[in-house]
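Each of the next two complexes has chain A plus one other chain: chain B in the first, chain C in the second.
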Partner chain A sequence: MEAIRRFTADFGLPRLLITVFLLMLFTTAPLVGVNLPSSLSDVLIRVGMNGIMVLAMVPMIQSGCGLNFGLSLGVLAGLLGSTISIETGKVGIVGFLVAVLVGQAFGALFGYGYGKLLNRVKGGEMMIATYVGFSSVMAMCIAWVVLPFKSPTMIWGYGGSGLRTTISVEGFWRHILDNFLAFHIGENFKFPTGALLVFLLVALLVWVFFHLKLGTAVTAAGLNPSYAKASGININRMRIISVMMSTMLGALGIVVFQQSFGFIQLYDGPLYMAFPAVAAILIGGASVNKATLVHVLIGTLLYQGILTMTPEVFNAVLKIDMSDVIRVIVSNGMILYALTRTLKVAK
Partner chain B sequence: MSSRLRVFFIDNAVAILITLLIICALPVAKLPASFLLQEILMRLGRDTFLVLALLLPIMAGMGLNFGMVLGAMAGQLGLIFISDWGIVGIPGLLLAMIISLPISAVLGWVCGVIMNRAKGREMVTGFILAFFMNGIYMMIVLYAMGSLIPIINPELLLSRGYGIRNVVGLDGVRQAFDNLIPLHVAGLKIPVFSYLFIAAGATLLIWFRNTKLGQDMRAVGQDRAVSASAGIPVERTRILAIMISTILAGIGQIIFLQNLGTINTTSSHEQIGMFSIAALLIGGASVTKASIPNVIIGVILFHMLFLVSPMAGKNLIGSGMLGEYFRQFVSYGVIALALVLYEWKRVTQENAARATLRGGGAA
Partner chain C sequence: MEPILSLRGIGKSFFANRVLSDVSFDVAPGEIIGLVGENGAGKSTLMKILFAMPEIIETGGFEGTIQFAGKTVKFKDSFDALDAGIGMVHQEFSLIPGFTTTENILLNRESVQRSFLVDIFGPRINGLDRATMNERSRKAIAKLGVALDPDMLIREMPVGHKQFTEIARELCREHVKLIVLDEPTAVLTESEAEVLLASLRLLAQEGIAIIFISHRLREVVELCDRVVVLRDGRKIHDFPAHGTSIKEIAAAMVGRSAEAQAQVDAESLVRSEHAQGAAEQPILEVSGLWVDMPGETVRNVNLAVRRGEILGIGGLAGQGKLGIANGIMGLAPAGGKVLLNGKPLPLNSPREVLDRSMAFVSEDRRGVGLLLDEGIDWNIAFTAMQVQDKYVTPLLGGLLKWRSDAAMVKLAEEYIKLLEIKCTGPRQRAGALSGGNQQKVCLAKAFALRPDLLFVSEPTRGIDIGAKHLVLETLKKYNQEYGTTIVMVSSELEELRSICDRIAIVYEGRIEGILPHTEPLERFGILMAGAGRDDMPVAAGGES
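Let's look at the complex of A and B:
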């Protein structure tokens, strides 16, 4: 009994409820006529799509900057990467790599500035990150209209100015990772090998980083700033490194997202992109000051599982689509839980 | 003296910047003065009460109350009910307020309790709580209304038989407050009663600041530990500050919507927190200090920007959308800037305090 209570305390009641809810969805799904193999395949594809953006939460949580509600900065860097890549006209893997590399360059640049700013406002990062993210998205809205892009696939035809709100990557690098080494089991199940491999590879790189000297220093700066400082660690530098990493992962994440989704979403598309990633890592078991790769993996699976399964099961059983409302309540409820809990732990 | 001037500029950086912006954009926008004046008069009546709702939590040291959206939801529920029952005019609005009152009181209490568990990060908590409650609100309005909660008027319902339509027209109560005391000066319509209502709210707030509870709030805002040792129930005082703020936001939303004349069931409340907070900050308030003049100046400047920037964008570059993006950029940016200035000041002060402990030398 004590063991069970300890487990629920560690695991957290909301997390337990979400897991049970997802299991219920999976068990009822076949009974109500939902095609389980295709749903499972959807879940895996979505994990590949979103995983890296969830991963982007880890560095900043570890360095004590909290939840990166300003992930949209990284997303903007990635959007610049993919639009510039399409502008160059490169297709296939080359085009994809150009998008990734240009995105990384912008990510590093944005991340550096963003990190500098966050260093000045220690303790108030999360709210500032949110609004820095929001206002950057709006500033980039102006840029999407004004920037001198020429590629006819991207600009408005008939007298409009600037880029379209959604740009298809069909014919450029759509599904380039999803289809890499992908295999089918049965009729409806597709395993997106490439995307998952890239996700795991990037996760491995992050894992390795946090076991190197530099990565340990970043974690130390987050765990106990005064102690880290006394051991000769430059805290501000560690925090900037973590913010840059987070932003660059966000940039990579959105490009991977686009190749699977098939479209580049500009203008206010990135406005709320940080929130699902934040919710996912928290559902996985992370808190405002501690996150591991296990949290990322579990969280992405659970969150994307719920996102995929709720509409299908609810539509089949109740004939109503409440999935949007459930998503809003679950993800924000989880963030709220994390925000109110940590202070008690940290005293 | 020069340092004093510097402090003045830093404290009012946002307000000064926005004023300069508007002054630059005004000649470009080429809006007729009478139109501009009429719009500002109208919008003062529409928004001021909502912004007033933000004052108490700032005084109690809880920062900008992003959770005021909860009150707005309660106000909208009240309006949906009176539209359903077909109660029109002033009685309708008053009834809507009475309905919203207990709802926003409960929501405010919940908000206060949650914020007490997240001391030091009230703002981000309120911000997320608003999203969370929006989910619950949607569940009530889109799924429970018309199925579990009886709705008499079928015209309010979606064609599927339950759930409220996206747009609810408030024909019965449209501008009932604004038109109660009709007054036209030089061709401009002045919503006298709305102004009186706002004035009453402001007077009440001024009076409240000097009551025992108001003083307690100010003390809690200054220093929680000292207040607690002086026997002030800190947590209770904080909850009360948020409850009153939420109730005022509910009433404010009803005033706001009676002026607009329609409710966007799923979105009218969402932007309210952002708009009101941006307005207050543009008026020269900070995270720790806000006054009634800040509210009024803020509403005027914010709406000037609102009116002028799309037109200026259109005339300058030929795209109204650009001006609109710019305005949104400014609204978000102002909040970001105010938060940065506040945290920056706090961090600098903390470092300075630590330096004096170390022996007075500047770190």
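Let's look at the complex of A and C:
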């Protein structure tokens, strides 16, 4: 009994419940007529789509800035990257790389300003970050209309100016990663090798960063700012580095997302982009002040697993669409749980 | 006489880790019991059990029975214990920084003015009767015999005054029968401690029983009626304090011969002087230094530190001795002129100070000194890694600096052995170590930098005598072997006199005078009271 209790405490009750729930979904799926190989394939594709955005949470958590509720800012940088890439008319891998690189440049720029701002509001980062995310998305809504884009694939057909709400990347770089080295098992199972490889590669880079001298300094600045200061660390600089990293990862994350999803979503599309990523890393077991790559991997897998499997199984059984309700309950519930948990620690 | 408190067969283990076994003793009304033992001996746990602290209850309760005022009691929580008439002064302050002395003393026991609103909204709407409250807190403060301003905000107070406020709060309870004081004098200077001991005696005469936990054995012998010694969770000794000696208690505490201890102590008092160094250029020259550190303001310090010496900085709490070290190391806003090896040292920049081969062991172990959630290896190696690129492997031709975990563990193991750090291994969380061992980790962190000039602030605050002795010996050895100049700030004069060559006394943010360690105690006392300016001998002065 004691062993069970200790295991639950270590693993975290919510994480345990969600794992059990997911396993239940997987076992009942074939019984209610859901095609399991295709569902599994969907889960993997979604992990590849969303993984990097979950990864984007790690640097800021480590540096003590908390969860990046302003991830939308990074997403906006990525959107600028992909729209500019399409404007240049480059297709295939070149077009994809242009989108990534331009996105990184904007991500670095936005991240720097965002970091400067967060350094002024120490202690209240997460709330400020939420508003940074919301307001920047709204500000960009104006920008999407007035920016001088010309490519006919992107602008409104009737007025001849302003970007559309949804832009297809078909014919540019749709599925460029998903199809790279992809292989099929049976009729319905596709393994998105390229997307998962890129995710793991970026995860490796983040892992390497936190094993460098600089990454160690960022971590220490998050663990105990006074200690870091006494060791000659410039805390504000470490925090800006982490915020820039997070924003740039967000920019990369959305471009990878688009190549799989097939569309660029503008205007209020990025509004709630941060919440699924926040929820995923929390389900993975991270807290507001500690996150590892294991948390990212487990969290993405569990969260995307629930998201894929719930609608399929529920729809098959109940004949109603519950997916969005479940998604909202799980992601917001997780965020709520994680925030209350830190309050307990802080006390 | 019927005992007010009697503990029978108290035992406690945290999971597999046994910290107390079969401890029994009685406390009679009006009796002062000294509870002593090294860090980790189980004193704090015993008191936590008495107070039914949540960590005890959450980890499965305890063994044995507690009788209080003739009845077997089982407190559900600390409020139960308080209601029964037990007061507690914790080692860490539990005060509200933004409230005044009076408000803190009477928190939740305020005198109230009844108004008709009470009938409608209940007692929470009562107004405060400030005049009566001030009167009550004045009375409690008067019992302590100190000058404490009832209207001063806690955050503006020096540490010593905060401690008095804590004690005054317990004194001001109406039916308190037993007061537990956990290291009440650790943060007090000797004169403040004297005042406190006197007021405790007064309380005992009124019939209040006192359990006094302290590392300062002299105070224990002086104050207590009986001494209970704990070692490794067991009661080793229980004898009347009258007729016993510090040596005897110390021997029981550490389980080693007190004679050997005494000999080392004596040795450290008669040691060679570094007087020859006086002619050379000083390693550090400070002039016109001011530091804005709350409660420890430095106004105008002029000081020269000789190469290779151990310089002590002493003085009463709140006079600015801590500010000097924190200011020079760049951790508190400071101004003035500081020369290191004849070249100006920038202030307010911790990194540059570290780059110039200086190191600092902070008085705030848990706040500044340690990464509590990381292992010993990180704690020791981090500063050296960041400042001197030690324990990193260059990758891609030095473009990337890879953290070498193996080298860090090796370093940690070295220091664990060298400083006898008690731990489960180099990866153990620093927060899980006892105070003395944490202090050793802090020292190791500074040593790993191989500094030319080392500032050590309150290195023995709140640690047991075994660890204290080791820390002081280590500092002395380090000074002799590597020629490291050490500036040690401490509120314990005896400690400074045992290892320092010269001791500077700080008064009101200025250096009142510098004396060699051989000078008699009274001369230091005069300086501490701020009366030294007229009769300072020119030879001993180090001001430039």
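The definition used in the following text is that the second predicted complex is superposed on the first by the 343 of 347 C-alpha atoms of A that agree within 3 Å, B and C clash if a C-alpha of one lies under 4 Å from a C-alpha of the other, contacts with A are read in each partner's own complex, and residues count from 1 in each chain.
The working rule: contacts are C-beta pairs under 8 Å (C-beta built on N, C-alpha and C of every residue); 3 or more make two chains touch, one makes a residue touch a chain.
Quick caveat: nothing in here was measured; it's all calculated off a predicted structure.
Of the two partner chains, chain B is the only one that A:Val121 touches; chain C does not reach it.
Shared-chain residue A:Ile155: touches no atom of chain B or chain C. By the touch criterion defined above, A:Val91 reaches neither chain B nor chain C.
Judged by the number of chain A residues each one touches, B leads among chain B and chain C. Contact with neither chain B nor chain C is seen for A:Leu197 once the two complexes are overlaid on the shared chain. Of the two partner chains placed by the overlay, only chain B lies in contact with A:Val145; chain C stays clear of it.
Once the two complexes are overlaid on the shared chain, A:Val328 sits against chain B while remaining clear of chain C. Contacts of chain A with chain B, set against its contacts with chain C after fitting on chain A, share not one residue. Contacts from chain A toward chain B in the complex involve residues 69, 117, 120-124, 126-128, 130-132, 134-135, 138-139, 141-142, 145-146, 161, 275, 320, 322, 324-326, 328-329, 332-333, 335-336, 339-340, 343-344.
Contacts from chain B toward chain A in the complex involve residues 114, 117-121, 123-125, 127-129, 131-132, 134-136, 138-139, 142-143, 318-319, 321-322, 325-326, 328-329, 332-333, 335-336, 339-340, 342-344, 346-347. Interface residues of chain A facing chain C in the complex, by the touch rule stated above, are 208, 211-217, 220, 223-224, 226-227, 229-234, 290. Contact residues of chain C toward chain A in the complex are 329, 331, 350-355, 360, 362, 364, 367-374, 378, 382-383, 385-387, 389, 392, 400-403.
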